[in-house]
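Which chain is which? They are A, B, C and D, in the order written, and residues in each are numbered from 1.
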Amino acid sequence: MSEYRVLIDADDAKGLVYRVSSIFYNNDLNILSNSEYVDKDNNKFFMRSVVDGNIDCVELEKSLKEALPSNSIVKIISPKKKNIIIMATKELHALGDILIRHEAGELEANILAVVSNYDKLESLVTKFDIPYVTISHEGLDRSEHESKIIECINGFENVDYIVLAKYMRILTPRFVETYKDKIINIHHSFLPAFIGANPYKQAYDRGVKIIGATAHFVNNNLDEGPIIAQEVIHVNHAYSWKDMQRSGKDVEKVVLSRALKLALEDRIFVYANKTVIF
Amino acid sequence: MSEYRVLIDADDAKGLVYRVSSIFYNNDLNILSNSEYVDKDNNKFFMRSVVDGNIDCVELEKSLKEALPSNSIVKIISPKKKNIIIMATKELHALGDILIRHEAGELEANILAVVSNYDKLESLVTKFDIPYVTISHEGLDRSEHESKIIECINGFENVDYIVLAKYMRILTPRFVETYKDKIINIHHSFLPAFIGANPYKQAYDRGVKIIGATAHFVNNNLDEGPIIAQEVIHVNHAYSWKDMQRSGKDVEKVVLSRALKLALEDRIFVYANKTVIF
Amino acid sequence: MSEYRVLIDADDAKGLVYRVSSIFYNNDLNILSNSEYVDKDNNKFFMRSVVDGNIDCVELEKSLKEALPSNSIVKIISPKKKNIIIMATKELHALGDILIRHEAGELEANILAVVSNYDKLESLVTKFDIPYVTISHEGLDRSEHESKIIECINGFENVDYIVLAKYMRILTPRFVETYKDKIINIHHSFLPAFIGANPYKQAYDRGVKIIGATAHFVNNNLDEGPIIAQEVIHVNHAYSWKDMQRSGKDVEKVVLSRALKLALEDRIFVYANKTVIF
Amino acid sequence: MSEYRVLIDADDAKGLVYRVSSIFYNNDLNILSNSEYVDKDNNKFFMRSVVDGNIDCVELEKSLKEALPSNSIVKIISPKKKNIIIMATKELHALGDILIRHEAGELEANILAVVSNYDKLESLVTKFDIPYVTISHEGLDRSEHESKIIECINGFENVDYIVLAKYMRILTPRFVETYKDKIINIHHSFLPAFIGANPYKQAYDRGVKIIGATAHFVNNNLDEGPIIAQEVIHVNHAYSWKDMQRSGKDVEKVVLSRALKLALEDRIFVYANKTVIF
C-alpha cells in the first residue's frame, strides 16, 4: 500500500468529481484528502487527491484521461524527494534558511547544487556538503552567462525546481522558457507595489506602514509571474530603508520557504498567470 | 435551478465521495464547490457541497442516507436568512457591529430580537427597528431569570442561533442544553489562556505581548465549548489593562462577526468539542 | 491640574530635549508620556509630550518657541472632542463603523454632519441624530459641486477633520488645498499597489494572496498623500473579486477607524509626504 | 566620537527627563534616539537613550546616579558584540536559525559554545567552527548534571546571555539564580495557554484556531518568567498535532531570534515579572 498524489487540471464539465471518484473506487483506492476548485469564469476544474492503495500508475492515468475532457492534464505522483537547484548572488539569509531546513529534514528535496555568480557563499554551502558552482558574469554578455548556467544545470538529471534565493540578475526569456513553471523567485516587495530595483528604498520614500515579500514563478515579464505566497510586516516612521531591508529579510526567507514547501508537496496549479494552491 | 448546501457528517468508510458524487450526478446536480475532511483518529468523515439543480430535498436526503453509514447526519439546506436572537448586557461594540452589518445587508440573518438583562442598549437597538427585550436579573435567582429568557426566546419561531454579544452572565446547563450547538459566544481572551473573569487584567498582570479573542459554541463548562474563530493583536508594556480592554474590543467584534458569518453560511461542523470549518 | 498635549515640529539641533524638558520642569509640569523622533536625513525633530499641571498655554507656547529653532511649530492642545465631518457616497460599512464607535463613546469627536452626493445613507445617519446633507453632483460640474460642499462645510465652525468614509469622487486641488492635512481618506487597496479604480478587480486579476487597505491624508495627487495606517488580510484562489471586495470592507473600516483615532489623539505629524506617528 | 546606550531604571520623580537631558547637554552629547516609559501603578521610570559624543563612562554614570533617585540603576553600554552560550537538546530549527543569522552577521553576538545533553547537533554546530559540548544527563541526577553545565559555562568569560534553543530539560532554581535575567527561553506555546509538556498536543485536543510561541526570561517557576516576545499563526481542523508542531517550529525560531536581537541591542528592562521593551 502506497500513497499517491493525483493532480487533475481540466476544463470544467458535469460529473468530474463523480468520474474521478468512481475510478478511485473501482481501483480500490482510499481517498486520504481531496481538494477541488472550479473557476467558472475560465471554465476550469482543478483537483488534488491524496490516495492510498496498490496502483499501476500508467493504467490509472490512462483511465483518468479517458474519463476526463480531452485536453486534461493528469499527474500521478509518488511522494519522494524532488531535485532542486538553488541560485543565489551574495545574500545569505534566504539560502541559509533553506539549507537549515534541508539539514533538519523539513524539506522533501535534494539540493543538487547552489549556483551563483559570486563565490561569496561558497564556504557556507560547502559546509553542508552541497556542490557550489561559481559562474561569474564578468566579461560575459547576459546570453553567454546564461548559456553557462544552463549547461551547468543540464549537467544534473531530473531537476524539478530552480529556486532563486535572492539571485539578483534578470533572466532572459530563453532561460525562463527553458524551465517554465519551474523557477521560483522571492521578490523583496509586496508585489505589485514597488516593482523593480531597491523596493525598500521605494517603500521608505513612500512612507508605507507595511512592507512585504512575494514568492512567485518567473515568467518573461520581470516580477509579473504567478504569485505563490505573500507575507507582510508592520513598520513605522522610525525605520530607515536599511532597517526595512533588514526586517524584510525575515519576511523574504519565510515566504520563499513557504512557497518551496508548497511546490515540493505538489500543491500548486498554474494557469492564467495565477496559482491555485491546495 | 436553485442552489443547495449539502452537509454530511458520517463515520468514515471507503468510497464515500464516490457514493455522494454519484447521487449528485444521477440527480443531475452540478457541484459548485466541495470540501471534505477525514479525521482518521476518530474515523469521521465531513463533507460540505454546494450544488445547483432541481431537487426534491426529501428524496435527495433519503438517497444520501441510504448510501451512507447508518448513523450519518445529512442536511440539505436551501440558502436563506437564518433567524437569530442576540443577547447582550451593557457593552455596545460587538452588538453594534452586528447591527451595522445587518443594516448593510452583509449577514444572511433576520435579527428577531435583542435580549438583555439591562435596558442600556435599548435606544441603540430600537433605532434599527429591532425588538429589544429587557429581562432584569434583579431579585431573581439564576434559574428564574433564565426561565424568563427561555420563555421569551420560545415566543419566537425557528430560532437558528443565539448570539452572545458580550452577555456577561453565566448560563446554566439547562439553558445550554436547550440550545445545544446553537449558542455562539465571544470570549474576551485568547482561550484557553485567561479563562474566567477580567481576562484583560490577567493578561496585563502576566505581561503578555499579544491579546486575543475567541468565538465558540457554549457548552456546560464555562469557556470550554468548541472554538469557531480566534484572532489576536500585538500589545506592549505601555498598554494599561484598560488599554488592552479597549483594543480588545476591536478583536472581539471582528471575531464574533466572523464566527456568526461561518454559522449563517452553514460552514461549521461540531464534534469532539471541536469544529470543522469549510 | 489639567492634561495637555504638547506637539513640537522643529529643525533638529543639539539639546532640544533638554531645552523642552527644562521648560516643563520650570513650569512645574509633570511629564506623563514622551515620544521623540529625529530624522537625520531631513534634519527634523518631532516630539509629543503629555504633561500634567497648571499652565498658561499662551505663555508656555511662547517660552517653547523662544527656546526652539526659529521656524518651529509648537502646539499645546487641551484634550477635548474634535469636530469632524464625514463624507460618504453609498457604501455603509466604513461610515457605520464610525457611527457605532461614536455611539459607544470610543471616539474623542463630535460628528457635525455627514455629507453625501446621494441620499442612500440618510436613514441610517439620522437614526443617530446626526445631520445628513445630500449634495447631489447631478447636473453640476466638479467645481460647482465642490463649491456647494465647501459652502456646506463652512457652515460649521471649527471643523478639525474631514473623513472620507468611502466617498467615491475625486477631489480637486482647490478642495484639497482648502483643508490641507485635514482630509483623511480610506483607499480600498494596499497602496501603492492598485492605484485607481476597482483595485479589487485589479488584485483578483493579478492573483495576489494578500489584499489590504490604506488610510491617508489627501493631497493633490490621487492616492498619493501621506499614509497613516495600513492593514492586510490573506486571500486565496477561491476568492472572486466580489469576495475580495466583501472581505476588504472589514479591513477598510478597521484601518479608517484606526487612522481617525490617531488623528483625534493628536498623534500624527505630517512632513515630506509621510507621517510620524507617536 | 562614539555611540553609547544609556539605560536608566529608577523610581519615578518629577523632572527626571530634564535631569538626564541636562547632563547629556552639559557633557556635549547628542541624543540619537530616546525612549521613556513611566509605570504609574508601580511608580517606576525607564529610559533608554542612544547618545553620541566623547564621554568618560565612569564619570557620566556617576553624574547620572547623583541626579537620580538613590536606588536607580544606570548602565552605559558601548555597543559591541555580546557573548552568548546556546543550550539545545535534539531539535535543529531554532539553533539553526541563530547559527545562520550569526553567519550572516545579523547578530551582535559571539557564540562561545553550544551546550547540549545529546551529541545529535554536533555535526551541524562544528560546521560553523563553534565549540560543541555534550554533557549527557545519563546516570546523573539533575543537580549533578547542572553542576557540570555550570562548570562548563564558567569556563567562558563574560557570558552575557544563555539562550535555550529548545533545551528540553527543566532548570533548577540554583541554575536560574546563577544566571538571573540572563537566560532566554523559547516556549513552544502561546503562554500562558498550554503550560507544560507537549503544548501542541494540548492545543490540538482543545481545537484551537491559532497556535503561538513565547520567548521569555527564565525564572524559578516553569514557563512563568517575564515575556519578551510572542507570535502566532492560524491553524485549522485539518492540522494534526504533528502538523501544528511542524508549523509551530517556524514561529518558535522567529520569536526566539526576535527576543535575542532585543536583548543584544539592550532594549529590554525587566521588573515585576514583565518586560519593558524599547
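FYI, a contact is a pair of C-beta atoms (placed from the backbone, for glycine too) under 8 Å apart; a residue touches a chain by one contact, two chains touch by 3 or more.
Bear in mind the structure is a predicted one, so any value in this text is a computation, not a measurement.
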{"item": "B-C against B-D, pair bridged by the larger set of C-beta contacts", "value": "B-D"}
{"item": "Equivalent interface positions on subunit A and subunit B, same or different at half", "value": "same"}
{"item": "Where subunit B and subunit D are represented by their mean Cα positions, the distance between them in whole Å", "value": "41"}
{"item": "Length of the line joining the C-alpha centres of subunit B and subunit C, rounded to whole Å", "value": "35"}
{"item": "Subunit C residues counted as touching two or more neighbouring chains", "value": "33, 37, 238"}
{"item": "Complex contacts: residues of subunit D adjacent to subunit C", "value": "14-15, 17-18, 21-22, 24-25, 30-34, 36-38"}
{"item": "Complex contacts: residues of subunit B adjacent to subunit C", "value": "33, 92-93, 96-97, 99-101, 103-104, 106, 124, 127-128, 238, 246, 249-250, 254, 257"}
{"item": "Residues on subunit B engaged by subunit D in the complex (per definition of touch)", "value": "37, 39, 41, 190-194, 206-210, 212, 226-232, 236-238, 272-277"}
